[in-house]
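After this come two complexes, each holding chain A, first together with chain B and then together with chain C.
Our next item is the complex of A and B:
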């Protein structure tokens, strides 16, 4: 498997660290109900199909990446830097 | 026996090898199989279950029968296919899977018991009595099971791994592959041509064909010469592409040294990972056997193998050869045999309406019903449309048609589709993105079909890559139509084999169907069809055709089993190349490494780092003697330790303070300049991630330290928080762990030692201060921090000065009654002071558990704050950090119980995380987590350690054993 890092180009998956679902990007407000935090940290939909998840280019530029891919076909649809996406700031 | 004038072997070079202890001679260019056949050996192994004598069946890597053990000095490699193993001077091979001699195998008694050994035999038979299983059945089965034997010695041969990338990977070098490679190479593409065999040419090496009016080999050699001359082409022989993976990645196994006399300079095998933008599968096709009664005798072979041994190796596989086929193609073999002077007894054509015109007898509508010859075929019997026949023959060449070698197209879950015209499965389009099958692998069986589809596939691949393939005249070649009538099995009174390697017969398949194993995947597992080293390459399709017949379904509805990587077996050693011993992981060395080793310090692994365990002195007989002495250096004089392995992260920017407030539970924006503060870092789920000190070097400049173990983890975490929640902040940070060498100087004489090396004597420098100093003119950083409880400093110099400073500090310390201390002493010192490490913050402890809940600031948000506050993480039900003391030794990992209660998992009160002998206190101390522990100081708990057979009482106490007020730190 390979991922195309927006900074480094197409690279072998061994350069990347897999983290988890994109849900980790959407941090609830500090005073949000505990259920919202539980949802944020623990509850995943586990879709078969197109998903977005987070990878870290640990063996490269240290970018956190949002990868859109299809878990059925294994097709990688897009890779973008988390820091570059719209509304990235907290 | 050899046939004069035939074959591509080097007749001028003789090669001497041994098989079962006897010396034989072959030629360069022979495989072990061809050399054994040339020497007239017909029995080369015993079958898996019935231990029947078996001979060579094929001439390729799909061989199910001719599996041998290769003996090397101290090594023994089982299940090597004799059809792939090249011979070299000194090669030593042995047959396998027999008890006693190959000819008189005692296990062949199994064959007499065959009526009882059908599918599901184990499951039905070894059920009872239950007690027999472990004592009797399992040892006996284990002894008889398996094929060859491994060497008991560790494999010390060198293996390698390698990476490559290309525009186009061509898999197979027959007419299809060569044509595809030529077309794309001329278009300027980077091409890798991978061939499993040791010689390029594929089927053209065996087929004795004509291309462009000349022997096909002339064309092959010209094509190879051109490809070899081009800088954009890499030709790889002895390289099997074993798997197709996501994003155009292919695995390939190159047999580098395996085919040669042992050479210490060559790796045995090399495992390649090849990234290709496009790939063409030109792997050809495999001929399939016919399951007729007693079809497993040595001398019964694939027709294509007979042809290959004749044309490529110059070997006649028999004196009177018979052909048994359901198609036209096999007749070419008969004609070539006759042309070479080999007698052909008859052609048995299963089709009643086929042509009978040949230069030998032809029986139409033929069925072979019985074969004779215990250690090799002698005669066959059967019937045909004109009656019955009995033929004396020592070699029966069979052909049930051809299956495209499409395995790689199924490696990403693709399913092949059934072609009724070909009576075979063919690849589905797009099953592996970027890969197309061409030639025989895609059902184009003629040489013209191979050349033209190989060309077309390459033209398309070039177009996909934006390259233009120049016009190229297609060479002329035969284009015979592929005509066959399916023939999977012949019914008779004897067993008819499908899977020769696993001894699966037609009866096993019908029985499986009768017993309800009607799914092809269930049938496979119940009968073990296709589960041998060859993975049923030449038998799976016939087996499922029979299953389809037995269940009344069609073949397409029955479907195939799943073809998974690897295509051929790969040694684990090749996959793990480079991962043996010290090369398993990178090694990181501190600047003091050599100085520590010079002093005889045993080095201990800490993550990837190597740190000194202790520094032994003459007369010390136990590591604890050294450790106690080093502890007393620090408590009574001065000790020096290299602490460079701690992670160091330089953080700068106007938002640096704001960022630290977000990632730490406590506040760093209020930290005064030139001061250090201890910080606690949580994961977002509220549990402790790491701890360490962070110094403020400037208004917008901080230096964070992490633990050695979590340095990488913390960096990743900081990158995550920064990029997800603070991307537009004015903030930059970088790891400077390897930029600075840092040494702890601790003890009552620490300041005196420091002053002896500093260019300017130290002025007022309180506990938790940080500031610039110079050592011999070198700019350094000094921190007043302590991990020992004594007055302590850490001095950091650029890495290149580390070794010199360490040696200097140690030498000076020794003149002051101190010296270097290692990890053991460092651990004792921190335990006496109750400082935690990752033994305590092990991923299940929260701030409350370690008594640091007050450090979670109420005035600001931080990562993990909300979840740290949640129910269940803050109360008497939690296991809390405590100290333990005991007069006798105990171990970490031990469990703690309230006195008088049952010792049971559910009654456990906690567990020990760290322990040591404290020379300062004169007793054994430890840290532990105990339920409601902070309220239980003074209580005696029962400590039980089943691993070390310890059962004793320990006293719960404050985790800070030494100087709880911290007066010494601040002195």
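Our next item is the complex of A and C:
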């Protein structure tokens, strides 16, 4: 499996660290109810099919990447930098 | 039909014409007292103990493919009770005791072989951790012993003891650990459940869970609607999708884990050996193949096949530990879909929906759990109360902070 990093181009899977589902991007407010934090950290839709998840280009440019891919076929559909997304905060 | 040595002998004399199918090919009835979704090891053992221990008779197991086609027939079959944390410790202890009586219980040869498992350590820190774990295991009532290097060298002369990176300092041994024939465990429970009247319905995919007024009333399947008073979701790697039918999100992310087997060789490895550095473990099957594996591939996946980086890592770890296997040819590799939880421990609990229960989150260690999981899930479904050895496997423990993180790797699904 390869991911095409927007900065570095197509790179081997070994260069990337996998974090988890895109839920990690939706961080609740510090005072949000415990259920919101549970949702953010633990509960997963865990879809068989096209999903978005977070990877880190550890062996490359050190970007956090949001990857759209198919969990049944391992096909990678798109890779974008988290920092480049609209409304992305620091 | 009861199996026995005498039966094998007489059948041999008369052309093996008297054998009958091990279970009926049941068609779904309109209604059951209890329906189990998933005909893997856990679903089958749950149905068996519901009938055996709790006297329920009107039970169905619904399996979308064929019995034993999931992880129960894809794993590397290690059976052990060397857990450390309360919650896991008493549960796996109970499971191993059930394993030790399983063949008599089921009248079925599951080829359970208590050949022992040694987990090697490679530093002073790992040795301290192993001694502490061994003490906890002994306190639980199970067996563990620390083996020093001279003893190990006698038992396993083929290990590379003095490699510069990971010299072997010793190992934690559990003699009662071992392996079993994975398919036979599914088949044995299937046959036992069938004989107690359980309907085993194959090629029957559950496509919906019917809920009325906060209570489960049945399921929709590819073979029609089935009413049920109680429903158990026991779908291992597919737990997320099954729970979604009830509008639930589980603390589970599905990952791929691979296994590898070589051509058949003369007997050379007579127990299970686990490398303490890098994830690698190995045993030899009764057919002679070296069966080995390592970590999950680390990214969410529903493909029942893995990728090359993990394969490469596992081969490297194997060569580091025991260079003698380098000449063996790998015959096959495959993958299974693992229901990974954020603490690496399982869930056996009620849901917020009346009559709907969940048994999931077995990560890559659910084979050894099959007897106790069925035992405890059946107890829960029949009595409404958690069994005492599974009382900590709560669905809400992540929200309440009562994690059972055996490896201490943190609250992330792929780190266990």
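One rule holds for everything that comes next: the second predicted complex is superposed on the first by the 89 of 90 C-alpha atoms of A that agree within 3 Å, B and C clash if a C-alpha of one lies under 4 Å from a C-alpha of the other, contacts with A are read in each partner's own complex, and residues count from 1 in each chain.
By definition in this document, a residue touches a chain if its C-beta (ideal position, glycine included) is under 8 Å from a C-beta of that chain, and two chains touch if they have at least 3 such contacts.
The structure displayed is predicted, hence computed values, not measured ones.
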| item | value |
| --- | --- |
| Partner chain(s) touched by A:34 [first = chain B, second = chain C, both, neither] | both |
| Touching partner for A:75 - first (chain B), second (chain C), both, neither | first |
| First (chain B), second (chain C), both or neither touched by A:20 | second |
| Shared chain A contacts, counted only where both chain B and chain C touch the same residue | 1, 12, 19, 34, 41, 74 |
| Complex contact set, residues of chain C against chain A | 238-241, 244, 249-254, 298-303, 307, 309, 342, 398-399, 411-414 |
| Partner chain A, residues of chain B touching it in the complex | 163, 245-249, 273, 275, 412, 433, 684-685, 712, 715-716, 719-720, 722-729, 861, 865-867, 870-871 |
| Contact footprint of chain B on chain A as seen in their complex | 1-2, 10, 12, 17, 19, 24-25, 27-28, 30, 32, 34, 37, 41, 56, 58, 62-64, 74-76, 81-84, 88-90 |
| Of all residues in chain A, those that touch chain C in their complex | 1, 12-14, 18-21, 34-35, 38-39, 41-48, 51, 53, 55, 71-74 |
